[in-house]
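The two complexes that follow have subunit A in common; it is paired with subunit B in the first and with subunit C in the second.
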Partner chain A sequence: MTNKSNAINLEFNVMKDDFSRAGEASSKIKKILTQLGIVSSVTRRVAIATYEAEMNIAIHSLGGKIEVTINPNEIIIIAVDNGPGIEDVKLAMQEGYSTATNKIRELGFGAGMGLPNMKKCSDEFDIVSKKGKGTKVFMRISLDSKPV
Partner chain B sequence: MKLLNIIKEIDLEIIAGLDSENQDNEVKGVYICDLLSLVISKAQPQDIWITIQTHVNIIAVSTLVDMTAIIVAENMEIDEETIAKANEVKIPIFRSKLSAYELASRLSRLGI
Partner chain C sequence: MNKYFHSVVLDEEKCNGCTNCLKRCPIEAIRVKNKKAIIIEERCIDCGECIRVCPYHAQKSITSSIEMLKDFEFNIAIFPMSLYGQFSVDTNMDKVFQAIMDLGFDYIYDEARAADIVTEVLKNMLKEDKLPRPIISSLCPAILRLIQVRFPSLIDNIARVESPMEIAARVAKNEIMKRNNLSSDKVGVFFITQCPAKVTSIVNPIGIKESYLDGAISIESIYGDIVKKANQAKDDVKFSKGSPEGIGWARVGGQSYAIGVDNYLAVDGIENVIKVLEEIELGKLNNVDFFEGLACIGGCVGGPLNVENPFIAKSRIRKLSQNKGSSEKISKEYIDDLYNEGSIWWTEKIYPKSIMTLDSNIRKAMEKIERIKEIAKILPGLDCGSCGSPTCNALAEDIVQGHGKIYDCIFKLRENFYKDFSDGGK
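Showing the complex of A and B:
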């Protein structure tokens, strides 16, 4: 954790297929926000957004990381991974669209709601993906945003 | 209603995570679903979550949105890892042979 000019920066690595640790990064982020006294409606948004980002990296990517910057008026979340990237981002953003395998679905994943959830929780949302390269999701959550 | 009172009224098998502190936590609502992305966006703080998912990820889902407890329906087998994690983070997990519907009906009769 580093603290530069009133901002707190957190960084968590997320490994591919690491289900036993899946949810750890988002749980740690939530704990820190709670300790910092961030209002619970904002903490809820961040918890949902980082959880979905973490699971997508663990399930669909080759591994990556989640960076969280806590500023005095907003929280910035950046989730990046090392590939394989998303062919059709517009399709991936649709509610219900999922390429999750049956094995993964049996564990309760694959509703195709992760990316829509992230967008819903953000005041600003952006996703850039390049096939063969990787995916980057940017989310900004304002500290005075309404409950979801 | 306090969690402890629910345990007294409904025959729930105590699996993990319950302690003298969280047994007094309030249960304000019930949420039933097995798709984790729906659960995390729709379950509310202080809900009790009825599910047949038993993988360790249910612990993160429940604590991230501040649910009070998890009830595993239909007597599903619960992963060792899930039990260990529930004890570590102190989220109560119960099990019942009842279906989600029967559990919800009983909770409803208790006024939840």
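Showing the complex of A and C:
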């Protein structure tokens, strides 16, 4: 428990190709933020960011996890996977760019909006990736708007 | 007026303390304490699921009685769209209208006519791109309250147009007051209702300050009388009725069909609606133009105060709504007049209801979350409901909020009872 600093820490494992469970982390976090009385617009951004991260790990990676830290003033989301890593991060950040297979696209996923959406929802966004090792995404969403 | 008036209430005498309603409430608003169900008033959205599932008929809807007509000089009945589905398709509906008049009403107005008005309003609304997509229908009050409680970020997607029930009441009452030169307090307006959430909306309306309606009489309470009187009624009076498409509003998908919108999503059953609202909140359905979500299976024809099987009623409504009949076309001028007299739009802002929030102080709320997590870990995770909370997690929340204790859980109680004898008394 790293609870000494008034933070709530959550961790969710996301498995490769596990579409039936992807989305669980997002809805659990949404419930907790609602219980904390966070304004709905912020809660929605966190939910979308986490959901996209979950889907990315399920679709593109060999599996990974999402760590969420909730502080009284901000939420940090870190999504890490075990590879294969992104060849060209700049290209991957472009709206509409996707390496998803046709099979995935037929399911309605892989529109190339995942990473751009995550960035849009965050106040601070960072991504590092190494071919053969994996990808790590950092997102910070601030709670400066007081709950009503 | 009671801040938390609800049409859905519990008849304690009949309640057996079982877990049927507890498990089915979509927003965990029910607890069982001392062998009686309790509805948490701040949470209840009046969807009526508990009324539907209660085997003892202990959950019920408070509605008005026909006696209330005595309080007014002139009484108007609003004939609900779903009532069309309660009779076989070859029924002469003029006789049904007449039968309701014979219960003591002086005038009757078909809700489907107001649905035709709202159809035109929504058609215009869909032409504008200003509103965030999808535009969410405002027909179902239980869904509106659900959005306030669980999906507040979607409040801006709701079409801020009054429901056909309310518009029907306004049009009818204004007409009668003018025609008969009566003051407002002399004219009573009553909705014949299939829906407890509509009853609540008359007392505590959403989006407006005050409803034009004075009460609602449930279909089930007068159905027998309607049938008897309809059998005796003459059919010399022809009543004004809504178009087939207007009547079609009574079933799920009927609004979209009437509007003629192509890119729509229509969902019935509150649990299903919750799942789709989750998707909308994640921004996955921004390409959909119109969303109609209805708490009851089948739409309003599935309302808990109806008498007919919802699927049979829905099939009848479908047949009626596909009639290419000779309904009067509503003129643009007429709609413009209604806009101008303020009969169409909501006037009040819709606020989120933060009833799920554990504490107004975020640090305290965070501590509570941690404690809930700890307690949930030691509970059995069976979600059996025997403790009186709907799930183990809900019990953990109740304990932290001071509304429950760990030994409400019969498994923890048993464990505690046997704990010193776990070695079999060796």
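In this section, the second predicted complex is superposed on the first by the 142 of 148 C-alpha atoms of A that agree within 3 Å, B and C clash if a C-alpha of one lies under 4 Å from a C-alpha of the other, contacts with A are read in each partner's own complex, and residues count from 1 in each chain.
Convention: a contact is a pair of C-beta atoms (placed from the backbone, for glycine too) under 8 Å apart; a residue touches a chain by one contact, two chains touch by 3 or more.
Everything quoted here is computed from the prediction, not taken from an experiment.
With subunit A as the common reference for superposition, the partners subunit B and subunit C occupy clashing space. Once chain A of one complex is fitted onto chain A of the other, the partner contacts of A:Ile32 are limited to subunit C, with no touch recorded for subunit B.
Of the two partner chains placed by superposition, only subunit C is touched by A:Ile8; subunit B is not. Of the two partner chains, subunit B is the only one touched by A:Glu24; subunit C is not. Once chain A of one complex is fitted onto chain A of the other, the partner contacts of A:Ser41 are limited to subunit C, with no touch recorded for subunit B. Within the superposed three-chain model, A:Ala79 lies out of touch with both subunit B and subunit C [touch as defined at top]. In the superposed model, A:Tyr51 lies in contact with both subunit B and subunit C.
In the superposition on chain A, A:Ile66 contacts neither subunit B nor subunit C.
In the superposition on chain A, no contact is made by A:Met139 with either subunit B or subunit C. Comparing the two interfaces of subunit A, the one with subunit B and the one with subunit C have residues 23, 26-27, 40, 44, 47-48, 51, 117, 148 in common.
By the touch criterion given at the top, residues 34-41, 45, 51, 53, 55-61, 63-66, 81, 89 of subunit B touch subunit A in their complex. Subunit C makes touch with subunit A in their complex at residues 150-153, 278, 281-283, 351-352, 354, 356-360, 362-363, 365-366, 368-370. Interface residues of subunit A facing subunit B in the complex, by the touch rule stated above, are 19-20, 22-24, 26-27, 30, 40, 44, 47-48, 51-52, 55, 107-114, 117, 120, 148.
On subunit A, the positions that touch subunit C within their shared complex are 3, 6-8, 23, 26-27, 31-32, 34-38, 40-41, 43-44, 47-48, 51, 70, 72, 117, 147-148.
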